[in-house]
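Two complexes are shown next, each including subunit A; its partner changes from subunit B in the first to subunit C in the second.
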Partner chain A sequence: MAISFKQIEDKLKTEAKGLLETGKVSLVLAYGKGYDEKHPMPYAAKNAADAANIVFNEYCAANMARYLVRYPRGTKIAIAVKAADSRAVIQLIQEDKVKREDLVLLGIPVYGIKNFKTGEIIDSKTTGGLYNPVLYDILLGEEVHGQPVNSPYDVLVQYEAMDNEARWVFWKKEFDRCIRCYACRKACPMCYCDPCFIDQNKPKWGEKSPDSQGNLMYHLTRFHHLAGRCIDCGECSRACPVDIPLYLFHKKVAKECEEMFGQAAGMSIEDKPVLVNFRVDDSDKILA
Partner chain B sequence: MLKKTSISEISDLAAQLMGKGALIAPVREEAGFNFREISDAKQVDLNFYNTIISPKSAFFPQTEDFVRYQTGKDILEATPVELNIKPAFLFGVRPCDVKSFEIMDIHFTGTGAVDPYWQKRREAAAIFGYAFDLNTPADGADFYSTLGIGAADPEGSDVFMIKKGDDLLLKAITPKGEKLLAEMSVLSDATPDDLNYFDDTVAAGRAFKTRFTCVEAKPIAKKFEDLFGNTEFWEKVSNACLSCGACTFVCPTCYCFDICDETLFGKGTRRRVWDACMFTDFTLEASGHNPRTKVYQRLRQKVCHKYSYHIRKYGPISCVGCGRCTRACPVNIDIFSIVDEAMKA
Partner chain C sequence: MSFEPKILGIACNWCTYTGADLAGTTRLQYPQNLRVVRVMCSSRINPSFIFRAFQLGADGVLVGGCHPGDCHYNTGNLYARRRLAVAKKILEFSGIEPGRFRVEWISASEGNKFAEVVTEFTQQVKNLGPQTQFKISQ
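Up next, the complex of A and B:
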């Protein structure tokens, strides 16, 4: 079954218009026109007339969940969510950054979404082999079935083949290329700290200049802050102007967390984030 | 003086330049091309469109060490970091990027206060400009022709290079370029036909169009002054903005920096590091007050600096239409679309 992007776009417009007209929400987070068709932009529709500007095509990779925390608590928001995006919303609900009752989730079952910088289809690298939103109120289209179901951790094969020494060399080399533009943390739906630890100067946690020490401090700390929280949307890697494969580390940590605690991030609003929850039967592997 | 070489023998030219100084040229890396100092002449590859990060870092590196010190020691024991300047050849710079150096000169040397780091590196460098390939359409993000910059403008370069089939034509534009080309024994003399081709390409480069139609600086500057207080407009155009620094770090005309003392185990360095007006802490004052807490205020600053304040204070638009910010933006914000929308507002 081929995805009809046009059909999803039409449904998005209709739902957005209805929700804004009836006043059920004051904001619809979806996608709008960019400077050309291959470069759509995240878009916030604020009234029924705005709904006509909504677009949806295979280049709509952005995870809209990152914008949720920008609006005052209690704002009624409808948000377009693909599979990974819905996990981000769930995780944000678990962390009490947004309330379930303030949100209307417009679920988009989809595959074949492309990275607008490279044209590469992102399904296999990110979104964890999921094609249907985990949580939604209104589903804009038919559920996707019959697509290849790959484990979200398949892409780790090469990485895991490296020993610790080789991994250290690998990350040192990758982080040396970092220019510290912070596009990764800004694109991340789970990076909402204000201020971010790296921007603090009392105490100062890491140097500002892009030398390997400051870069290591920034990335390794960010990696660990996202342990058990990364929902595998891959936005950090796509946002990076120098293509650092940040998703590899996030996936590795996610895999370890899942193995240890039997829970993946952002899969149920009933869950508690693994690292803030204590269960008597929790794995002790980390202490070994 | 017009000279030529076969592109397949470009590494011979590179080797000869490396014998005279540092050769800085686009190098193919994982994510695309970037200007790097060449260590092996074979690295030089003219098969690029443009680099991810602008060539400004050749004169204004992201990190510049000023002074080294030890904590607890007297200030007189601190040692200034010597500026080791050697002749450099900045090879394969696109005409829009060459133009950016002229704009950056205003800030680093043109307003009375002279930045010795920029100035000395700039003086020691010869610029080998390189025309865009007119047989390939411009990248969708580019808009240099909108700002009056031709795809093959030789102005600002010491030597300007144009590809002609399998050959590379090199024309001396300045006396510095004349002297250099005369010393390059690997180059052969060009024919009258080559000279015609060169001149025709420069003219065709002026007619080569990127997206958008030509604009005038002053009406834009005025328009943005009028729009400054229109919060609705700025909130609308900044809705998607993540407030990261990708756009400013790849930009050839962004020159903001921070000066930091970075200390580890008692050993410290006072250094200059690129900063970005898109960062929350850029305007954070010691009192704790921050005049730009909102994303729209920061994006407004970036756009108005380039397209309004800069025009009013110095004359030119502080943008060369290279399209890097648009290509690097994780959410596809396009600065010229904002200008376009402002002019319609």
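Up next, the complex of A and C:
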């Protein structure tokens, strides 16, 4: 059974229109028309007439949870969420950045979303093996069943098998290409710090010029800041103009966190993020 | 001339730093390669300290804290344990030799252990040679 993107788009329009007309929400975050079909844009519908501009097609990979924290606290927002995006929303609720009661989640069960740059289907790489939103109020369409469930960590195998030196060479080559445009930070739903550590001068955490050492400091620290919070949407790597596979490193850290602390990011609003939590019986072996 | 590593030691005020003090007052011998920075608690350690130390030329980083359960602030080192474990995994996956970073729990009465750990860690880093991967070239 193929996903009917048109059907989802229609449902999205109707729901958005209904919610805006009744005044339940003041804003619907969804996708709008870009300069061509391959480049849908993030779109905020603010009144019932705007709802007609909403689109949804197989290139709507963007994670709209990124835009939640831009609006003042208490704004009633409806947001279109795919599987990974719903985890981002859960994670933001856990971190008390948004409130559950202010949100209406329009869940989109979907597979076959494509990367707009390469046309490649992103399911196996960055959806964490999920096709249905983890949390939603209104589900647009039927739940997806029968799709192959890949372990989200399968892609890591070849990198884990490398020896240290080869891995260093690999990452150095990747990070050296970084031009420090901070698109990864802008696209990430979890990167909301103001100011970001790398923009601070006192203390100066790392070099700001796009040289290899500064890049290393920026990226490694960012991986640490997203440890146990990254929800594997892969937006960082899709936003990257020089195609650094940042999602690989994020996945690795997420995998380690899940193994060490037994909790994946953004799966339940009751959880606490792993790094602001502890268990007395955490093993000392994790430091070995 | 043989290679003498520069090692950054970050020590918690209540346990490891006092333990280092004890090692000193009991006249225990240990290598002088360690430069100790005192922090009030191991959970004060931002993982960026470690990355930055490597960038600014440290060959190894040794972090010392109270034994879990003995923290002066009750839970500080339990948070630190998780944080530093993640930092260690990140360093490993980036491809730096895992032996350059170590976390040890050393209490105020373990002057002996402090001397032993420093001796052993210094030897280990010495065998690994100078750290050039992270270092900012002048």
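The rule is simple: the second predicted complex is superposed on the first by the 287 of 288 C-alpha atoms of A that agree within 3 Å, B and C clash if a C-alpha of one lies under 4 Å from a C-alpha of the other, contacts with A are read in each partner's own complex, and residues count from 1 in each chain.
Here is the rule we go by: contacts are C-beta pairs under 8 Å (C-beta built on N, C-alpha and C of every residue); 3 or more make two chains touch, one makes a residue touch a chain.
Because the structure is predicted, anything quoted here is derived from the model rather than measured.
Enquirer: State whether A:I138 touches subunit B only (first), subunit C only (second), both chains, or neither.
Expert: In the superposed model, A:I138 contacts neither subunit B nor subunit C.
Enquirer: Figure out whether A:F116 sits in contact with subunit B (first) or subunit C (second), or with both, or with neither.
Expert: First partner only, subunit B.
Enquirer: Applying the document's definition of touch, where does A:C257 land relative to subunit B and subunit C: first, second, both, or neither?
Expert: second
Enquirer: Does subunit B (first) or subunit C (second) touch A:V69, or do both, or does neither?
Expert: A:V69 sits against neither subunit B nor subunit C.
Enquirer: Contact-wise, after the overlay, does A:Q213 reach subunit B, subunit C, both or neither (first, second, both, neither)?
Expert: both
Enquirer: Kindly classify A:M41 by the partners it touches after superposition: subunit B alone (first), subunit C alone (second), both, or neither?
Expert: first
Enquirer: Quick check for you: in the superposed arrangement, does A:W171 touch first (subunit B), second (subunit C), both or neither?
Expert: second
Enquirer: Return the residues of subunit A at which the contacts from subunit B and from subunit C coincide.
Expert: 207, 213
Enquirer: Considering the complex alone, what residue numbers of subunit C touch subunit A?
Expert: 47-48, 51-52, 55, 68-69, 75, 78-79, 81-98, 103, 105, 133-137
Enquirer: Can you check the complex and tell me which residues of subunit A touch subunit C?
Expert: 159, 164-172, 197, 205-207, 213, 216-217, 220-221, 223-224, 227-228, 249, 252-253, 256-257, 260-261, 274-280, 282, 284, 286-287
Enquirer: Within their complex, state which residues of subunit A touch subunit B.
Expert: It comes out as residues 34-36, 38-44, 62, 66, 70, 116-117, 177, 179-183, 185-187, 194-195, 199, 207-211, 213-214, 235, 238-243.
Enquirer: Which residues of subunit B touch subunit A in the complex?
Expert: 29-31, 52-53, 62-63, 140-141, 211, 239-240, 242-246, 248-250, 258, 260, 262, 264, 271, 273, 276, 279-281, 295, 326-328, 330-334, 336-337
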